[in-house]
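Look at the two complexes coming up: subunit A is in both, with subunit B in one and subunit C in the other.
Then we have the complex of A and B:
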């Protein structure tokens, strides 16, 4: 009999990094099906190339930095799937590849790989290409009409109309099913809600964080409408345009870059909602999500440290109370 | 040993050490619900595995005028939760003016039912022991505490046992931690169910404590059961009696959450503190995962610490960053390691950090005392 020593606890929960990342992949794939239905084969090529580039670069960097290469680790797959979904379907392949290279090669691996990065790699990659190829990233093909040739006719998205103070003209059903120009994975609100429910039920993400983010964004859209046709319409179009809803599910809940304890995480999400709207209102671009997320990522460490400091003070006060009564 | 900054040391030495003596006061009532796996050991009859010379061994110098506490001393009863002699705990409770005696049949850790099963199957002895202890201490109230989240079990647990109320503790694991504040308010003292049963036997039949209640379980033994084992048996003898399988990889003494592994089966004896022996067959896989910062450890910590940060700082040896993290409050319950999706040894590393920090502070205090004496 070959007995081993191990440290307690001797039982572990079934959840693992693999299952968490796997859940994310499962939640992202329906968005690809939707994009395939709207824009055609090109979408599958973008997704596949992005995943391959991310995985290869991640493995190469891990190998070069002499860490053990983990095969079960799906995190580069998630990054690779996220990046094309935040970009229009008409985007050229090299834009996606540059975003991947920036995400893994500059934002993730130099900081020490998975769990060590300060900024969300996928968001940083997209922000980089948004600054570099502004027109390509912010002009969108029309769904269904542009099947097969996504780059033939490009239009501005509802987010751009909002930026100019104009009310976008799309029906509620179109908004729910995602039949309007926008980033290829971020429009189908119904599918996004399904993904959200799946992830919350599987406890992969915390629904409260999403609610906090959407809550502040809704309040700001309601109180300070950019369009003149009504407050409720403002809320509807602000929430459905761009990557806001997508970000509320997949970007705010990205575990590595968010604060760890629940109260600072909710604060971070709520503040992110406000900052996103601020970037949209006064920023140079129609979409503020990427830049707001990068800004907020930088503060999550500080939020955690301040929270721990406060909690420690409270604990100490309670101990002194107990000490008196004993 | 890493260097601490002076400011950090003052903070710890001035404030923490002064209230570390109250460190049994816990704050949060919080825990996780684990899969219990208590059957079939819990509902099966308690088996006896005892060498003939240890069976019903009587006390040597028992006198009729002895009171309960003296009998507990002569019978050599050890309380199985704390590992202290029962008579010392009884004396302490008497002097402190305790109002309520609690029989601990919690068994909140998976697999283990070595307090609950005797409490249910030997309830007459338990009730007798509880009454004797209360009489000796001068307490009026009596209570039996069992765990609420037992999962699906065949054993029926009633509302009371011979007039003594049974309280179900429903905070999840670790349940004992959630109860400390309540016990303090009620001026309650907790004794393990096993020790109380042994007390009843000592007083009524003049028997020494020669056995311990042990749960043998896990997928590495053919049969799971609660056993009354005599204290001269070794782990090997006990496990072979229950059909130890050849491909067992880990033998754990204690519960699956807080217990420790042993490799020398025939050199390890059963003690009064052995509450469970688990034989597990799962190989310990090296997943090579890294922390992804999900924050699940912080969300389950019953004391409300931030295990994620403490783990990282201890691993990096940066003890001077731990100022606000109250590492000394960690109760080693292991929930953070249990929940961790990266399968990191968080709680084991935190214990190591805690030990190193305490050693450092104690050596420093000693040095300062030496200097004062010289002066």
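Then we have the complex of A and C:
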């Protein structure tokens, strides 16, 4: 009998790991261009080294564990691109390398590689370096608008001002165009919105998840402002500071660590928004996104399981009703 | 004729507690000590020495009390008391290894008196076997504890403080969060996973060689026939 190796005929979608990760890479690249414009050549070096380290480590671990080496899934490339974007442009190269090693070598591969990891590798890597080199990770260079010039002066971000109860002194246009100190890929709100639209149109991410996350964060920022200058200003600065907006697009929608079905995923996103704000308000660090995401990742399987149990109960009840009627 | 796999199992079986059935890697015993005690190599050595002192005595007492026919509740209590007294007695020796060990370990040093490894060993103490056999098992298990925690402690101290046994080896580059408990748990978990991976691979390779040998022998026999 001749067996033919082909896709299952009932699956019509062209979606694959390569297409999803490829879209993510395309969406992340403009953030690098923006960071390059603001902070110079160092950004390109950080991104390139991060991707190379992640890919090499991923291939090595996959090879050692005798699994099929699938470079084409692009997942280590996405991890490698995400890590530097959540850190300041002034960060030393070894910080990035340690974050990469932790992300791939500790968080991703030991759990079984692509699709098996419990925690988001990039987030865990950044959380690890944030705990290790706090000063370096939370001091940001002032953005400069001359291509290739080095950024020398390190300052605190608007998130740090909010943490101290002070109102950051940046105009709306600066906030929209990313002309303020912060993680190098997370400040350009306009570019982030463009990335969001691209990913939603391509159906790589679910826009409702992002909305649920941002909605909860907005409500909390509006109801419990940390600054005295007004509720709307509180919402504006809370949403644009740190990696909140960036996380709402690239971290919340991560397919492996978020719940699989839509209702628990929306609940996960809304709860994540609340936990991120809680970490920001009462946590030790100005940025709570990394730690909140790790915490929420740990519960996503539970949300999926509870949802499945409920659906199963409903199906059984429906079946029993039908059986009684018959 | 013994196969390679059988020989390997014999060797590791003889090292029960050290290579196979390791208290930390196989059973996950004394995890708090393995995590909190591995921030410093000298502290890890101190803990290992303390366990080396406590476990054989606890095993001896358990053997005698089981022979007499005392119940578990009684011998557990007596052994905990004796372990506490022994800890007080050996604290000078442990303090000699590392003067800061008591402040560094906090509650985890007194916890040695009621640690899970000692309790595991005394409940597994078999009065049907010889005393020497039981004592050797307790010594092997204590050595198994030391074999795991000393490299873990050396790694954490090297990366976290830039030194091993207090001697400065790295200057300038340290990763302080390596000393945090969460990293200790991760590291011990990874050591367990890597050991299991290595053990599985060794067995797989030996099995393959045995099979190849068997096939070669069968072919030769067929040729002769």
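Everything below uses one rule, namely that the second predicted complex is superposed on the first by the 309 of 326 C-alpha atoms of A that agree within 3 Å, B and C clash if a C-alpha of one lies under 4 Å from a C-alpha of the other, contacts with A are read in each partner's own complex, and residues count from 1 in each chain.
Here is the rule we go by: a contact is a pair of C-beta atoms (placed from the backbone, for glycine too) under 8 Å apart; a residue touches a chain by one contact, two chains touch by 3 or more.
A quick note: this is a predicted structure, and the numbers were derived from the prediction, not measured.
Engineer: Mind checking subunit B and subunit C on superposed subunit A, clash or fit?
Structural biologist: Subunit B and subunit C fit side by side in the superposed model.
Engineer: Return first, second, both or neither, reflecting whether A:114 touches subunit B, subunit C, both chains, or no partner chain.
Structural biologist: The answer is first: A:114 touches subunit B but not subunit C.
Engineer: Looking at the overlay, does A:157 come into contact with subunit B only (first), subunit C only (second), both, or neither?
Structural biologist: A:157 contacts neither subunit B nor subunit C.
Engineer: Contacts for A:187 in the overlay, against subunit B (first) and subunit C (second): which applies, first, second, both or neither?
Structural biologist: neither
Engineer: Taking the superposition on A as described, I'd like to know which of subunit B and subunit C A:128 touches: first, second, both or neither.
Structural biologist: The answer is second: A:128 touches subunit C but not subunit B.
Engineer: Quick check for you: in the superposed arrangement, does A:98 touch first (subunit B), second (subunit C), both or neither?
Structural biologist: Second partner only.
Engineer: Can you tell me whether subunit B or subunit C touches more residues on subunit A?
Structural biologist: On the superposition, B touches more of the residues of subunit A.
Engineer: Classify the contacts of A:4 with the two partner chains as first (subunit B alone), second (subunit C alone), both, or neither.
Structural biologist: A:4 sits against subunit B, while subunit C stays out of touch.
Engineer: Just to confirm the geometry: in the superposition, how small does the C-alpha gap between subunit B and subunit C get, in angstrom?
Structural biologist: Minimum over all C-alpha pairs: 18 Å.
Engineer: Which part of subunit A faces subunit B closely enough to touch in the complex?
Structural biologist: 1-13, 15-20, 68, 70, 72-73, 75, 113-116, 255-262, 265, 304-305, 308-309, 311-312, 315-316, 318-320, 322-323, 326
Engineer: Spell out the residues on subunit B that touch subunit A in their complex, using ranges where they run on.
Structural biologist: Per the touch definition, subunit B meets subunit A at residues 15, 19, 22, 25, 27, 34, 110, 184, 244, 246-252, 256-263, 265, 278, 280, 284, 287-296, 298-299, 304, 306, 308-309, 323-326, 329, 334, 337-343, 345, 347-348.
Engineer: Flag every residue of subunit C that touches subunit A in the complex, lowest number first.
Structural biologist: Those residues of subunit C that touch subunit A are 173, 175-178, 180, 186, 189-190, 193, 197.
Engineer: Enumerate the contact residues on subunit A facing subunit C in the complex.
Structural biologist: 65, 94, 98, 106, 110, 128, 131-132
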